[in-house]
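Sharing a structure below in structure tokens format, with a few things to ask.
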Amino acid sequence: MKITAEEKNMRELIREFLGLFYNNGWVTGTGGGICASLDETNVLIAPTGVHKERVLPEELFVVDRTNGKVVRAPRNNTLGISECSPIFCQIMNQRGVGAVMHSHALSAVLAADTAMGKDHFLIEGLEMLKGIAGENNKSRHFVPIVNNTLYERELTQEIQLRLDKTRFASSYCILVRDHGAYIWGRDIWETKRHAEVYHYLFEATVARKKMGVKRNESPLTLAGPLAGTGTLRGAGHH
Amino acid sequence: MKITAEEKNMRELIREFLGLFYNNGWVTGTGGGICASLDETNVLIAPTGVHKERVLPEELFVVDRTNGKVVRAPRNNTLGISECSPIFCQIMNQRGVGAVMHSHALSAVLAADTAMGKDHFLIEGLEMLKGIAGENNKSRHFVPIVNNTLYERELTQEIQLRLDKTRFASSYCILVRDHGAYIWGRDIWETKRHAEVYHYLFEATVARKKMGVKRNESPLTLAGPLAGTGTLRGAGHH
Amino acid sequence: MKITAEEKNMRELIREFLGLFYNNGWVTGTGGGICASLDETNVLIAPTGVHKERVLPEELFVVDRTNGKVVRAPRNNTLGISECSPIFCQIMNQRGVGAVMHSHALSAVLAADTAMGKDHFLIEGLEMLKGIAGENNKSRHFVPIVNNTLYERELTQEIQLRLDKTRFASSYCILVRDHGAYIWGRDIWETKRHAEVYHYLFEATVARKKMGVKRNESPLTLAGPLAGTGTLRGAGHH
Amino acid sequence: MKITAEEKNMRELIREFLGLFYNNGWVTGTGGGICASLDETNVLIAPTGVHKERVLPEELFVVDRTNGKVVRAPRNNTLGISECSPIFCQIMNQRGVGAVMHSHALSAVLAADTAMGKDHFLIEGLEMLKGIAGENNKSRHFVPIVNNTLYERELTQEIQLRLDKTRFASSYCILVRDHGAYIWGRDIWETKRHAEVYHYLFEATVARKKMGVKRNESPLTLAGPLAGTGTLRGAGHH
């Protein structure tokens, strides 16, 4: 079967990004993963239980995200589809986005640790917030947290409860306690940007917590009054 | 003498993995090492006292793991076999596994430090546990610790005592206090995965200790009751 | 239109340095940037909102630094010029330097955190100070800090107030609280050196703060009296 | 003038090692350096004030280590010889070794910080000590510390006082407070090994200090009595 040049490029890009994520420590030990859409229906998803930085372009599955069914499997029939597949589809359908990555980064685990007993992780007082679509550095950004479950697929119900909350409407990330994070974006490029931004924000929060720094009282007010309205959102990243 | 394509590939893979381990800070300063089986009897082992990231495929020894004797030595006769050789053979024979790596990672030393005065290092409350064969994220995973000895070969007796304990039957790792760790797997690929997983778990434990985070009270119970039975083992990594 | 070999080389160098800065964690998530002069008037500036490590030589803007106007835009007309452009031009004009980089490094944010409530970040007691043009390891080096603002361009006024102060005349850096730093130099090479030196100094200060180390009482006096005069400046880096 | 193949190889190796040291954060911001002998008299030394990871093989100086005079300078006459040159020669002559590296690693600065007010940095209770020629993991290893001085060349006298002390006879390293370290070895390869080992030991000591771990009471005694005699030295690294 012939595949289009677009699909070929996307498969190559997924391979490249998995290598990048591995070098960042986000998908080591065969954990973590990524999916990215080919069109409104079909999405490329990495296989399960393999060393993610060594996945080949031809080893990805094509899945119909509207029903989660495998449309095309890789020729290598020893490969199974990622356990994240249902969650990937759920997030893409629910949020109307085209790509999701799953991180096992230690910084994501520690970020959730700093919000023990809460259903959210609050980020504020950092320029890097501008890197999240629709946000600016005045935003109070709420990232939902779910507790971990034995199987990845059991997370679906918990995640649904969070995605439905208005309070979390601005978030492109869900933290899974003791586990990691799901991060998404309009397309694979925005997902890469969001992944870099959220991991930075996790690390910043953990580092500030260790140093006893509190920036939760809006530090920007020192520089003069700034309207906290919706029109300020998306002030642009540089 | 002709070597098979399989042996040639395995020699190349060992070279590649030593480079990877070096970049991770696990085998710097000529410390650490790796061995991997060619078959039930013969195993490839790196030389001693050399810069591990620069070992060439033709510089590996072939050892009979059943008696520890060198079957084939590298042409370069200035090379001696790794001091870890007896421990490598012991672990492979005892556990029936095909590969072992030895790490001098600082995170392994610090992990043992967090369990001062104990004969084990307990890991729990982390998704990454699924990366260990047979474990899931509900597991209470006990890694044995031995005290360091002057010579690597003197560790053999101490290690034997630990390998014999039922309590440590699930572990693919032994920590050596003030020194590092031995990590093994069914084959070289599982050993790579286990190495990444255990080092992540060492770092996570040390980071949580620094932040004063306690996850030893099973956090998963918050998400509902989960049977802690053997049938739950090996829930699958993604 | 033909470009000179010098311009071609500078465009390549900017691409290379953006890759280097990205690997250092200074310009991830599309944040941060760099500009470098072609002559007294024309300066190359990176586009906004793009993955900085993937900027191509032909994607840079040429800007007239005396008035901030775009002289030549890249052929790809979806690209916009960096939001830092006014600040880049301001610093180059004000300080008479040829290049500026903008960092989103976490260490810059944490360095400013250690000087909460102050308008400056003091560095002393470190050999690496010699890496800053005109300084030596006896220098008490004052780096100005400005509070963050919603838009990058609004920083201009605050930055002007700091650049005008005699106290900050020796600094090749401005810290922006909760955000990062601007670092400059005579040319792109001195800017690279200063970027490496200042980030090292940020990390050193944060690390010493965490360890409770105080080096603000000139430690060099232990080695004998040293004149703190201007003639000692620029003692040379090795 | 023709150079020998040995000299050509050594020049290439120095270039490679400077790149390696740069990636480790030991010679950033144009700081740090290396020298390595061609024979009993002539030694290759890197130029001063340049980006060390970009030094070309033909940019090295040849110096007569017995008198510190430049024997052959690089064709590029804008280059000056490293300010470390006198210290490099002093250490090679005094210790009878063939290579020295100079590190600006933050871990070296922090290691000296943990020994504030002392003339030495004590290392013990770590397997990695075996990586130092002549030492084993039972060794109590004393690394001399000198205070920093304004000019690198002024350090010579202080360093001489330390090199003369019997207590420091086993050390292949001198820490310079607020500055970094000099590390040497029989040849460039042993120097690389020692550099990796000492930096590891610096990091380990700093990390243990942060965690409140004390290993100064010989932990090995738990595993039985071990003679602390000279015959135990050089137990071999693996």
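Just so it is clear, A, B, C and D label the chains in written order, and each chain counts residues from 1 on its own.
Here is the rule we go by: contacts are C-beta pairs under 8 Å (C-beta built on N, C-alpha and C of every residue); 3 or more make two chains touch, one makes a residue touch a chain.
Since the structure is predicted, the reported quantities are computational estimates derived from the model, not experimental observations.
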Equivalent interface positions on chain A and chain C, same or different at half | different
Far-end chain from chain C, centres as C-alpha averages = B
For chain C superposed on chain D via Cα atoms, how large is the rotation, as a multiple of 5°?
-> 90
Roughly how far is chain A from chain C, going centre to centre by Cα mean, in whole Å?
-> 31
If you average the Cα atoms of chain A and of chain D to get two centres, how far apart are those centres in Å?
-> 44
Among the residues of chain A, pick out those that touch two or more other chains and give their numbers.
-> 210
Every chain pair in contact, whichever chains are involved = A-B, A-C, B-D, C-D
Could you pull out which chain B residues touch chain D in their complex?
-> 25, 28-33, 48-49, 51, 82-84, 102, 104, 106, 109-110, 113-114, 116, 147-152, 158, 176-180, 206, 209-210
Sort out for me which residues of chain D touch chain B in the complex.
-> 125-128, 130-131, 136-138, 189, 192-194, 196-197, 200, 203-204, 207-208, 210-211, 213, 215, 219-220, 222-223, 226, 232, 235-238
